[in-house]
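Each structure below appears as structure tokens.
Both complexes shown next keep chain A, but they swap its partner, so chain B is in the first and chain C is in the second.
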Partner chain A sequence: MPDKSCLTVPGRLDQLIIISEFIAQAARQAGLDERDVFHVQTAVDEACTNVIQHAYQGIEGGEIILTCRRTDDTFIVTVRDHGRPFDPSAVPPPDLGTDLNARRVGGLGLYFMRRLMDEVHFEFDDKTGNTVTMVKRIGPRPQDDL
Partner chain B sequence: MALDIDIRNLKRVSVLTIKGRVDSSNTPELESAFQTLMDNGRFRLVADLSGLEYISSAGLRVLVSTLKACKRYNRGDLRLSNLPPRIVEVLDMAGMTPLFKIFDDTVGAVGSF
Partner chain C sequence: MNGRVSSFQPSVWVIEASGRIDAMHTPALEAALQEALAQGKYRLLIHLGQARYLSSNGLKALFIARQNARSHGGNLVLCCTPPRVREILEITGLTQIFATYESEKEASKALTVAG
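Then we have the complex of A and B:
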């Protein structure tokens, strides 16, 4: 793949499918296997959904800027926006309990991002906006717990 | 592909064949399909997911809320059939596999009611 590929889209839910296709293409070109492609697509879909619904609070007009790049042993995706920052540590862990009636919903998106990627970092800056950086290692991982 | 939902009402059970991609842009469509069936008194549901390519956490929440709603009624349930491996992986990761009765094929799921 080229060193870096970028996509800028309006921060709207109807763009999620375009984002997903862009990520799949970049991840395949970077040499990820189909399972890892699916993992990255899922993590990025959840990250962008959070941007649209929480950072931009469903208000149209903001942009999402995606960048994919490959290093020797990683595939790195950044998702940038200029919406409201949020504190990932304030999101409670999801309820994975098996009691259907007691089960709370929510928090799964962030949980999926962290489970499916090897690293997830958040940065919030008044000038450059909010950036989520997600890293997938390429090739065998030290432990494959999925 | 985008989301495609086909509904067949059998004598006692309704089968929804859900194909394509479920993300936050179309979860209201999925929710509405389930809700319309329940509004018409159909609480024994089978979701055939053989053609489901992707489901986000928002889509999973719709499955769980529908399951809860169906189970409030006598012998109501949402049962799943024909799950592609990737969808099983996502359900497992969300800890949702134990919540559902899951079948290898739709005939078995329908016959289980």
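Then we have the complex of A and C:
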């Protein structure tokens, strides 16, 4: 794959399919197997849904900026937005305990991201906005890509 | 997302959730679930045979509908879950909550016996 692939789309739910296809293509070109491609697609879908529904609060006009790059042993996706600062520590984890009636499903999206990727980092900066960086560890680069 | 009566048990209402059930398409699933519950259909079977993807938004909608159905003596179960969707359920621990069956026939029978 090229060193870096980028996509900028409007922060709207109808863009999720476009984002998903972009991520799948970048991940396949980077040499990920189909299971890992699906994991990255799902994690990015959840991250972008979070941006649209919470950072932009469903208000149109904002953008989502995606970047994919491969290193020797990782595939790294960053998702940037200029919406409301996102504080992951304010989101309680989903309650998946044994008491069926007490289970809460809020925070599932964040939980998906953390379970499906090897690393997930959140940053906020006044100039660049929110940045989520998600890392998937992968095998060595195929010989024909060297 | 239209509902229909189960081919195997007339008291079971089947909703075929197909394609990508992401945040864009979850409202259609929610509408189908709410319509069924409003009509007193509390034995709900979600047929996932044609589902390609199920996001946390979609799962949340199913979870809430399941709670509603159970509070009225019914239940919500899944059938024909594709491997990718099953994996998401397993990763999130939701296989302990949502009973899943291989076929519509098996799921319809289980809903009728349990409900």
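The rule is simple: the second predicted complex is superposed on the first by the 136 of 146 C-alpha atoms of A that agree within 3 Å, B and C clash if a C-alpha of one lies under 4 Å from a C-alpha of the other, contacts with A are read in each partner's own complex, and residues count from 1 in each chain.
Operating definition for what follows: a contact is a pair of C-beta atoms (placed from the backbone, for glycine too) under 8 Å apart; a residue touches a chain by one contact, two chains touch by 3 or more.
Nothing here was measured: the structure is a model prediction, and the numbers come from that model.
Novice: Following superposition onto chain A, is the placement of chain B relative to chain C best described as a clash or a fit?
Specialist: Overlaying the two structures gives a clash between chain B and chain C.
Novice: Does chain B (first) or chain C (second) touch A:Ala55, or do both, or does neither?
Specialist: neither
Novice: I'd like to know which partner A:Val37 touches here: chain B for first, chain C for second, both or neither.
Specialist: A:Val37 sits against neither chain B nor chain C.
Novice: Let me test your reading of the model: by the given contact rule, A:Ile23 touches which partner, first (chain B), second (chain C), both or neither?
Specialist: neither
Novice: Which of the two partners, first being chain B and second being chain C, lies in contact with A:Val79: first, second, both, or neither?
Specialist: Neither partner.
Novice: Could you say whether A:Ile138 touches chain B, chain C, both of them, or neither, answering first, second, both or neither?
Specialist: The answer is neither, since A:Ile138 touches no partner chain.
Novice: Where does A:Glu46 make contact in the superposed view: on chain B (first), on chain C (second), on both, or on neither?
Specialist: After superposing on A, A:Glu46 lies in contact with both chain B and chain C.
Novice: Considering only the contact definition stated at the top, list the common interface residues of chain A for chain B and chain C.
Specialist: 13-14, 16-17, 20, 38, 41-42, 45-46, 49, 52-53, 94, 96, 100-101, 103, 105, 108-109, 111-112, 115-116
Novice: Inside the complex, what are the residues of chain A that reach chain B?
Specialist: Where chain A meets chain B, its residues are 13-14, 16-17, 20, 35, 38, 41-42, 45-46, 49, 52-53, 94, 96-98, 100-101, 103, 105, 108-109, 111-112, 115-116, 146.
Novice: What part of chain A is in contact with chain C in the complex they form?
Specialist: Residues 13-14, 16-17, 20, 38, 41-42, 45-46, 49, 52-53, 94, 96, 100-101, 103, 105-106, 108-109, 111-112, 115-116 of chain A touch chain C in their complex.
Novice: Under the stated contact criterion, what part of chain C meets chain A in this complex?
Specialist: Chain C residues touching chain A: 20, 22-24, 53, 55-57, 59-60, 63-64, 67, 84, 87-88, 91-94, 96-97.
Novice: For the complex, give me every residue of chain B touching chain A.
Specialist: Per the touch definition, chain B meets chain A at residues 2, 21, 23-25, 54, 56-58, 60-61, 64-65, 67-68, 71, 86, 89-90, 93-95, 98-99.
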